[in-house]
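Have a look at these structures, which come just after this line.
You will see two complexes here that share chain A, one where it goes with chain B and one where it goes with chain C.
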Partner chain A sequence: MILRATLCLLCLASPLRAGVPEALTGHILPGYAGFAEAAGDLAEAARQDCTAPALRARYQLAFDAWTVVGDIRMGPSETGALAVVFWPDARGFTPRTLQGFIADQAPVGRDPAAYAEASIAARGLFALEQMLYGAEFAGYAPGSYACALVQTMTADMAAQAQALQDGWRDGFAPVLLSAGGPGNASFLSETEAMAALYTQVMSSLEVTADTRLGRPLGSFDRPRPTRAEAWRAGRSLRNVLLYARAARDLAVMLAPGPLPQTDAALARLEELAGRVSDPGLQDLDDPAARLRLEIVQQQVRTLRDTIGAELGAPLGLSAGFNSADGD
Partner chain B sequence: MTTRRGFLATLLAASAAPATGWAAAGDPAYLAAAKDPQGGFVLAGLQADGAELFRIPLPARGHAGCAHPRRAEAVGFARRPGTYALVIDCAGGSVLHRLAAPEGHSFNGHGAYSADGTRLFTSEQVAEGSAGRVGVWDVAAGYRRIGGFATQGLGPHELRLMPDGASLVVANGGIQTDAFDRTMLNIETMRPSLAYLGLEGDLLDLVELEPDLRQNSIRHLALRGDGLVGFAMQWQGEPGAAPPLLGLHRRGGAVTLCQAPLAEELVMDGYAGSVAFDGSGTEIAITSPRGGRLHRFADTGAYLGAVSRADVCGLAAHAQGYLASDGLGGLLLVEAAQARPLRRAGLSWDNHIVPVGGQGHA
Partner chain C sequence: MKRLLPSVLALVAATPALAATDRAAVIDTYADIAQAGYEDSLITARALQEAVAALVADPSEATLAAARTAWLAARDPYQQTEVYRFGNPIVDDWEGKVNAWPLDEGLIDYVDTSYAGPTDENELAAANVIANPALRIAGQEVDAGTITPALIADTLNEADGIETNVARGYHAIEFLLWGQDLNGTGPGAGDRPFTDYAQGEACTGGNCDRRADYLTAATDLLISDLEEMAANWAEEGAARAAITADPDAGLVAMLTGMGSLSYGEQAGERMRLGLMLNDPEEEHDCFSDNTHNSHYYDGKGVQNVYLGAYTRIDGSTVSGPSLRDLVAETAPELDAEMTAKLEATMQALGAIKTAAEGGMAYDQMLDPANAEGEALVMAGVDGLIDQTRSIERIVTALSLDSIAFEGSDSLDNPGAVFQ
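Take a look at the complex of A and B:
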């Protein structure tokens, strides 16, 4: 599913605790708080009016909030994020599961607490995208089963967002901050905690280049625009930019000083993305549109390499020993 | 840790005798290969508490393939293309023998000794076509090659001596690789299998997966004393398919697939790198260095839980549960749902931990 990017190791002998508390208090914890608030707002809006047109603006805001921390895969988010963003869905689990619920009027669709046990394919932002934007789903009427299902899904996502916020604040942040301490089996040194956070930055940009952009680009002969992330909601390009900003912001928190080259690379990415014509990337059959997106993809990789050179290399980071070499 | 020099000095008298027993090497509980911070490669002997008994330099990155049941000898296999293996004297620290794969064959990283220690069996493939072979070596004759037989599948990986001492189980990965650049050639048609073979190569049992799991390469094995075999897999099909990565089998029975919840399977990234029963034999675990995760299952196949640890791969039975190792140098004791650090070595541990004494049956 989400590509696990290169794991990075810190080979420095000296402890580099600075950066970990800053990343938590300056980026990660506010990020989860922001998503919890936005997801709560969406659920509240759905209680008032559960029809698709009434919810789309709040949905977009919730997705925006998610991207601040959405590519983090550690602690509570290691599996927890997958129930918020079940994507890519190569085998079409999400529409199939939702169709099944609607056809059967499944009771779980009216029960937010029980919905926590539903398939992750039917939960979170991409299942909601189907309900709010998907041609076969979004036309539901007030009072219909589908309308109740959307209320349930938004309530479930708000609960997930709250659980992630709590899990990070009360559970995993202390684990990161006590790296190297007795009994800490997650991080055997302070540098491991730093390396794990740095890995999140690099992984995010790799997922964006390889999957968010690589999947829809497909091959020149066969572009696959419907493999773009969140294309129904028209926010494929926006996600590329927001995830890249989040990666840069987290990198800045980890860095001992400013990262001017990284900032310049991000500015260039924003400029190049501004030339892309369709925010949902549905025009990739046009060779000119394709070329513009390939240039964006290249710049995402440049941003990753720039962060690697400006932040990673001075800290002595390299690829994981076993994860980088199968057996 | 005893320095090698000091260690050698203290063992000078002992190592004069041929075929030294494991006691002379300090009775390690485990062997593990690793990369040191200078970029060199070593074979380390570990106590059950993770403390290091010895560290022997290796000429290149290798797997700690298997340990002789009595002599302080271990076989380390060269990484790809696997043209040679080394028999290492774990008491003296020297290379006793260098085994060359026959012309046109390569070693595939694993081997097993016979119960009496007189034979070494090595997992090999014919470079052209990837047909699996078991190489047979006469230990007493200085590891002379005395024969070989088919594994009944392509691209074999781990092989183990069954607890009956009279048969082998081989993980036929099913993948045909290009003889020169190792490109996978048959992903659409691959057929991995678990082959049970007599020590002369007679086929006793061949187990294949259902057609929808044929892209799940069977690669690593764990054995329990009663003959229950755990096999760990690596998915070669569509990413995101989240297939089970562990199976259980007993000769004559059906395969039990061990499936974790969907989000957990997705974190594993379709890849299991090592498999082991726990010390009690009542549960079994697999590791995914790609996912930084360990999954535990009951011996019935039921999912028990996960442990998160970056680059975790090596795994072996421990009296209190499992010993796990990782590329960051960590040695963790996994006791039921609880992991605790035993030690952090200034080494990157390689994929496997090899138990010493018997064949590591739980």
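Take a look at the complex of A and C:
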């Protein structure tokens, strides 16, 4: 308590040189711009050739771009992110909805504007993953309904990406930047804005450890490889790393100085991930493979704790409620 | 993640006041409300048990309707206890036995041909135990020749480690009383005929004896589960002992329960996700179309904890020193904010309830073409998210942030992780 009181006096003497503007201009806004560009490129490629093999490389780039900001759940992304990444899908909504569209040749699948009202199970990166990589979907022919559906889905995602970019740049960034100012009911102080961004960093790493890695790990007797994120696209491990890098990058923007321990923890994570044999995590029945992934999971938690100690504690920040709380 | 947020500057602003309200007394009120809530849940579940016995003994329109009415009555007090889940490990570890959701109901009984059948995630999604006295679970032969509480609890529930294999609890019973709601986003709830419980020639749906056994066993299990939790909050109960051991940690548990239920669980998982999936089965009480009450009383439970008052099913009130009292003397403006936001949420959830009672059931609100329904649901979501921010502010105002870090070595002791 004494330490805290001292910190607080320091805060009063020289208010936090907030990392909020830096986080926005150095990480979040470029992140949404990057995703908008990559999603636009994917949609444009689909207009040229909508077959699955022609689109996979662009799809991977779009997913890479998403991970920079993909775990942020505030402002326009509080709800908007859910239509880009509906996952996990414990009851198989995504394949069922897509099968229904294809079987019925549903008109919405040819109408990008109307598609904005479709179930989130049929939208965004995971629905596209099924179409481009799923065994029962990806073999569609040029000119088929499924091919038109992929054009619609990519156009819809590009529009969503643009809306997120606009919503952040023109709507929510000013709210964060005016934290503590008159009329700002969302953030009553600069510290509340900092804490909200810090929560995004910590929640992301928690989701990675508990869900991205915890779901496929299952139990020793019953690993669940098909619960890995984006395993069909072979990028489960890549997502773990990219989301962790994004968390570190956002943390750095929030910090008043360098975060050497955090950087070391991330470097260690990359090293440990390099030992994982299957990037899609489909070999977890092998105890050795399982152990390697458990070590990665442990290191993600270490990275989280390190950021907590190196960034959160000195600034008196701790994470708020996580949108992934609950069942 | 159930940790909360402090703020250095606000910490300074909120000078610890000369508190008149005893924190331990606030926790006592909280535990008293829990005890009363679980007791009310048990009382109403026993009434359900009697109604189920009457249905099984003499299946008719009247006995089925009475059992459904008893189920609905049992839900209202239970939902108000959901705020105790997060923050109280004893409750959270137990909760899946009584209120697990969503479920692959095809595990239990017959389903419509439109039902998906086995899925990638769950090969038992259509196992239909009532029709199949022998089945295989994860490669093992299972003898389901006699349906007992033990079979349901030990073998069927979460079979193969899959959470949607919900074989017990309120929603399993709900399915057995109502059946699937096949009306999509149109009007109407599940419409199981009473003859699903008729014996002999009159039996519909097949295996009526096994269906009656299942319903009886699942109801018996619900009673024993609720007895367990009511005892946990009684004078010498384990949950009461845990929460009262350290008043500050107890306050954190209270606020954690309020915030986690409001944000991730109710606003996120139960309301917004269902709306965005446009799926009429993505409602909490999907067979009975009772979701409007389920949401309303969840929200009410959050408000109860803050105000330190609960109205029992007999109309009496349990109340005492409250979280509100503590906040009001420390940060009166924050109390005004919290009180107003909780009230705004209850208004929004009340509007959903009113609309449902007026004929627009919750699943109809999920129809993508129903803009009014979407607005009703999203107003509830927005209220719940908004009140979560104030709950975080209370953690700070009551200087509970360092307590909230308990259990994390790194944050209590920043050097620890580098050693």
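For the reader, a short list of remarks on this structure follows.
One rule holds for everything that comes next: the second predicted complex is superposed on the first by the 301 of 327 C-alpha atoms of A that agree within 3 Å, B and C clash if a C-alpha of one lies under 4 Å from a C-alpha of the other, contacts with A are read in each partner's own complex, and residues count from 1 in each chain.
Assume a residue touches a chain if its C-beta (ideal position, glycine included) is under 8 Å from a C-beta of that chain, and two chains touch if they have at least 3 such contacts.
Here the structure is a predicted model, which is why all the values come from computation and not from measurement.
In the superposition on chain A, A:T302 makes contact with chain C only, while chain B stays out of contact range. Residue contacts after overlaying the shared chain place A:N184 against chain B, while chain C stays out of touching range. More residues of chain A lie in touch with C than with the remaining chain of the pair chain B and chain C. When both complexes are overlaid on chain A, the residue A:A209 reaches neither chain B nor chain C.
In the superposition on chain A, contact is made by A:A90 with both chain B and chain C. Contact with neither chain B nor chain C is seen for A:A146 once the two complexes are overlaid on the shared chain. Once chain A of one complex is fitted onto chain A of the other, the partner contacts of A:S119 extend to both chain B and chain C.
Looking at the shared chain after the overlay, A:P314 reaches chain C, while chain B stays out of its contact range. The residues of chain A shared by its contacts with chain B and with chain C are 1, 4, 7, 9, 11, 78-79, 82-83, 90-91, 119-121, 186, 188-189, 192, 195, 199, 320-323, 326-327.
Interface residues of chain C, counted against chain A in their complex, comprise 1-12, 86, 101-102, 104, 116, 119-122, 138, 160-161, 163-164, 259-261, 263-265, 268-269, 272-273, 276-279, 368, 385, 388-389, 391-393, 401-402, 404-405, 408-411, 414-418.
Put simply, chain A touches chain C in their complex at residues 1, 4, 7-9, 11-12, 15-16, 78-79, 82-83, 86, 90-93, 95-96, 117-121, 186, 188-192, 195, 199, 202-203, 206, 218-219, 222, 226-227, 261, 302, 305-306, 308-310, 312-327.
Of all residues in chain B, only 35, 37, 63, 109, 219, 234, 238-242, 262-264, 266-267, 269, 271, 273, 289-293, 306-313, 326-330, 332, 339-341, 344, 348-352 touch chain A in the complex they form. Listing the residues of chain A that touch chain B in their complex gives 1-4, 7, 9, 11, 73-75, 78-80, 82-83, 88-91, 119-121, 183-186, 188-189, 192, 195-196, 199, 320-323, 326-327.
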